[in-house]
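Structures incoming, each one as structure tokens.
Consider the two complexes below, in which chain A is the common component and chain B and chain C are the respective partners.
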Partner chain A sequence: MKTQSAINTYVKEIGGWAASQLEACTRCGLCADACHFYQATGNPEYTPVWKTEPLRRAYEQRFTIAGRLKLAVGLDKPVTDEDLKHWSTIVYEACTLCNKCAMVCPMGIQLGPLIHDVRSGMAAAGVVPGDLVAATMKQKDVGSPLGVTDKTWAERMEWIGDEWEVKIPMDVQSADTLVVFTSIELMKFPDNIAAIAKIMDKAGEKWTTSSKGREVVNFGYFEADEELTKLFLSRVFDAAKELGVKRIMISECGHAYDAFRWTAANIMDMPKNVAITHIAQVMHDFWKAGRIRLKKGAYDDGTVTFHDSCKIQRRGGIIKEPREILKWLAPSSFKEMTPNKEQALCCGGGGGVISIQEADPLRFAVFGMKVDQMKEIGAKSVCMVCSNCRLQFTEGVAHFGSDVKVRGLSEMVSQALE
Partner chain B sequence: MASFTLTPVDKGILRCRHTGPFTPEDVQSLAGFMRDYSGKLLIDLTGADAEECSRHIRQFRPMMPVAAIFGALLDPAILIIDKSYYANEVRLFPTEEEALAWLRNQ
Partner chain C sequence: MDWTEILQFFRGSFFKISLLVFVGGMTYRLVRILLLGWPRDRVKSRGSKATGVVKTYLKGLLVLPFIPWVKRTFNKNALTYIAGGLFHLSLVLVIFFATPHMLVWKSLLGFGWPTLSFPVSDWLAAIGIIALIVLLINRLTHPVLKLLTRSPLWLNWTLVFLPFVTGYAMTHHMLFRYEVLFGLHMITVDVLLIWIPLGRISHFLFYFFSRTIHGAQAGKRAVTP
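Showing the complex of A and B:
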């Protein structure tokens, strides 16, 4: 029964695009060496091509003569309920959908989106890890995967405004920019919210938050449940329409940027004339336009490095902007980790992995490689533009006993404002 | 004078002693400390105004590392937050000895 739900979803997902991707694979195995989970563990089941196996089987056994023959004579196996459970742990706990595998594939196969399709079958079959389901249900029921209610959100925003002495506008009609934060920032990194408020204010931006569209994270997207993905996106889009804003600015969150910037346009109607942007881009634009001034060398006191977030840098291409800012703030102390930019190593916490307790050993095994990268350049601090990465780094450096300071770029920029 | 002091208690455990009303600067620096600190925290509220503490402890709760609180009569409800992957265990104890004993076992 579970299997049939998954197969139905896979069959629905397999259009010309997915078929061409699956047919193009030559099983060369190059994607394996790009996968941080495979690199960290050596487990062959974590190779990206193996993660797409349920989708491949569904495609071949349903749509190709060779696949049907192989199945008929017992050369290939049908997907079973047990297989689904097994692959569920692989695609949810050992994959962050970072899509680095696609960067090395000589055939240009987009493995990340294919693995997302595999997840969608798991979601339809109800074989998603319990922790991820619990967070998704909280987002559905109370509006936040961390269980932040409307009341808690309003109280906490008020507390941040009072204690960090910043203005956090709420539900301002006809503001230019709707800023949507993550629950992680709200609960764990409130200084990031204060920092962004300070930057927006200094730039003279007419901005607002929304009490209705208050959560930018999308656990429906992590699960790969399209209906829930749309529901969570629509809460923010509806708020943007109601407030009449010109753009939605995603705060420090990678998957949210992906969901709003690209996924939404492929699965639903988006509000017309509302741009989607990310805080890293906006800060850079403000700085280049002279709307904010930053103290040169404000962080030139120990090696600072930058962690590229998969969805913002590799996918989103916002690569030079944070670097230009960092080279201004730390002209002699900024150093790159290797590899970096499009080829950077994922932190290991994305794609919902950080929310699944059973995946902790795996995500820390992966993070060990980031620790090595930071050690190689003698990093004293590391900064990033994704709060999910930041939480993974915060927990990761603690896990490994590293004393590298973990920072959000907005926080650094706000402290360097002149 | 800051409204809190930090002193080592044991390997991996710091005592955070509340010594007076919080200013915004104190709140910001305590938030910064909690963001960077990866050890355990013994929160000593001896002599503190429980009402004044409550509001801030409630707001600091999601950011806290593993922590044991003692020294003031607080409503345990202020420590309740939704169980989630980002949150650490924080408990209230009647005495320092009990708080420290629990903390050492975490």
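Showing the complex of A and C:
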């Protein structure tokens, strides 16, 4: 029965877009070595295209003559309940949807989005790792995957305001920019919230937070449950409409940026004339427009490197902006890891993986490669624009006993303000 | 029926039938995909989709085949890149630029073009055959490829390999009489043509879909594809 709901979802999802790409695969296996999970473990089941196997079977067996023939004569297998369970651990625990595989595929197949489609069948069938479901339910019921209630949120924001001596406006009508933070920042990296507040203030931006649209993370999107994805997006969109803002600024969060910027318009109605932007872009714009001034060379005391977050850089395009800022802040000590930019190696914490305890050994194994990359260039500190990556880095660096300092770009910028 | 008659049949009427099956089958595959529905992308672009598409084709056709290491996964799969690349190079050049093949195209299209000298196309064919064997061994031994390979793929390999070896043997008068080898070459070519629309060899058509999608996805985000 489970399988049927998964297959129904796949059938619904398969249009020319997915089908033509599934048809293009020649099973060359080159995507395996693009995948950090395969590289770290050597498990062939982590080959990206193998992760799309349930979708391929559903497609071929339902839509193609050859597929139906193969099924009839026993050359192909139908998708079973056991298969779903098996692939559920593969697509949720050993994939961050980072889409590096698409950059390596000779055919250019968008494996990340296709694996997201595979996940949506799992979500429909209810075969999602327990930890992920628990967090999603918390977000649905309480409003935050970490279980932050309205009261805690307001108290915590007030505390951050007091502690760092910054103004954090709340529910300001007709502000220009609605800034939405993540629970990770709220609970684990409050310095980032303070930093962003300081930058917005310094730039003279009319901005606000919203008590209704207070969570930018979207666990429905991690699960690939479209209804929940829309529900969590709509909370922020409704807040934006109510407050009459001109734009929504996503704080340091990658998956959220992907959901708001690149997915929302295709799955739901978005508020009209409300732009979506990301803090990395906004900081750069402020700086270029002269609205904030940064101390040149403020961080020139030891090699600084930048970690490309898959959803903000490779899948978001904000590649040159943070680099320009860093080259200003650390002109002689900024160094790139290899590979970088759109070819960068994912940290292993994205796509919801970090919230699944069972996947801890995997994500640390993957992070080992990141540690090596940083060692190669002798990095003293690493900076990024995604709190999910930052959490993975903070835990990963501790796990490997590395002394690299992990920072958010906003936090660095705020301390270099002149 | 002797081999001369067999040859006449498989290079004559049956070749035409195979061609029709090939063209008809591929047209069916194309139309089927086009009719599956293509929802409009309502997301506002950051860059240009068209630029992304142009870049990805230039990169895919001019850069990667010659300097594959820009992908940075080259050293881990050098065999697949080199053998795969050489096989495709050999295939395209031999099919279109070996003199006897060009003459077949000329008879079908009504016009011809300059061709490669015999030693060049001969070496290319030999490279293609060696590449195919290397790729087969790789597929039989690499854990990822063993997992990914399903039975029709072995048939794909066999059906591509046979026209190559029969063609090569024929031009070198190896093993059998010329008519026999030519007959076998035409039989295997005909079977291959009929098989292509049924299997994954049809990827040459879908390559244009996936590459275009890739370029558009990168372009709209202003990322280098």
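Please note the rule applied: the second predicted complex is superposed on the first by the 418 of 418 C-alpha atoms of A that agree within 3 Å, B and C clash if a C-alpha of one lies under 4 Å from a C-alpha of the other, contacts with A are read in each partner's own complex, and residues count from 1 in each chain.
Here is the rule we go by: a residue touches a chain if its C-beta (ideal position, glycine included) is under 8 Å from a C-beta of that chain, and two chains touch if they have at least 3 such contacts.
These figures come from a predicted structure and were not determined experimentally.
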Legend entry - Touching partner for A:Met369 - first (chain B), second (chain C), both, neither: neither
Inset, instruction - Report for A:Lys138: first if it touches chain B alone, second if chain C alone, otherwise both or neither. - result: first
Legend entry - First (chain B), second (chain C), both or neither touched by A:Phe189: first
Inset, instruction - In the three-chain superposition, say which chain, chain B or chain C, touches more residues of chain A. - result: C
Inset, instruction - Considering only touches as defined above, state whether A:Gly147 meets chain B (first), chain C (second), both or neither. - result: first
Inset, instruction - Once the structures are superposed on A, label A:Pro44 by its partner contacts, choosing first (chain B), second (chain C), both or neither. - result: second
Inset, instruction - Give one of first, second, both or neither to describe whether A:Arg27 is in contact with chain B, with chain C, with both, or with none. - result: second
Legend entry - Contacts of A:Met107 with chain B and chain C, given as first, second, both or neither: second
Inset, instruction - Mind working out whether A:Glu163 is in touch with chain B, chain C, both or neither, as first, second, both or neither? - result: first
Inset, instruction - State which residues of chain A lie in both footprints, the one left by chain B and the one left by chain C. - result: none
Inset, instruction - Going by the contact rule at the top, pick out the chain A residues touching chain B in the complex. - result: 131, 135, 138, 145-148, 156, 159, 162-165, 184, 187-191, 194, 354-357, 391, 394, 397-398, 405-406
Inset, instruction - In the complex, go through chain C and note every residue touching chain A. - result: 29, 32-39, 41-44, 46-47, 56, 60, 64, 71-73, 76-77, 80-81, 84, 142-153, 198-200, 202-203, 206-207, 209-211, 213-215, 217-218, 221-225
Inset, instruction - Enumerate the contact residues on chain A facing chain C in the complex. - result: 14-17, 19-21, 23-30, 32-34, 38, 42, 44-45, 47, 49-50, 63-66, 70, 75-76, 102-110, 261-263, 265-266, 313-317, 319, 338-339, 341-343
Inset, instruction - Enumerate the contact residues on chain B facing chain A in the complex. - result: 22, 24, 27-28, 31-32, 35-36, 38, 55, 59, 62-63, 81-87
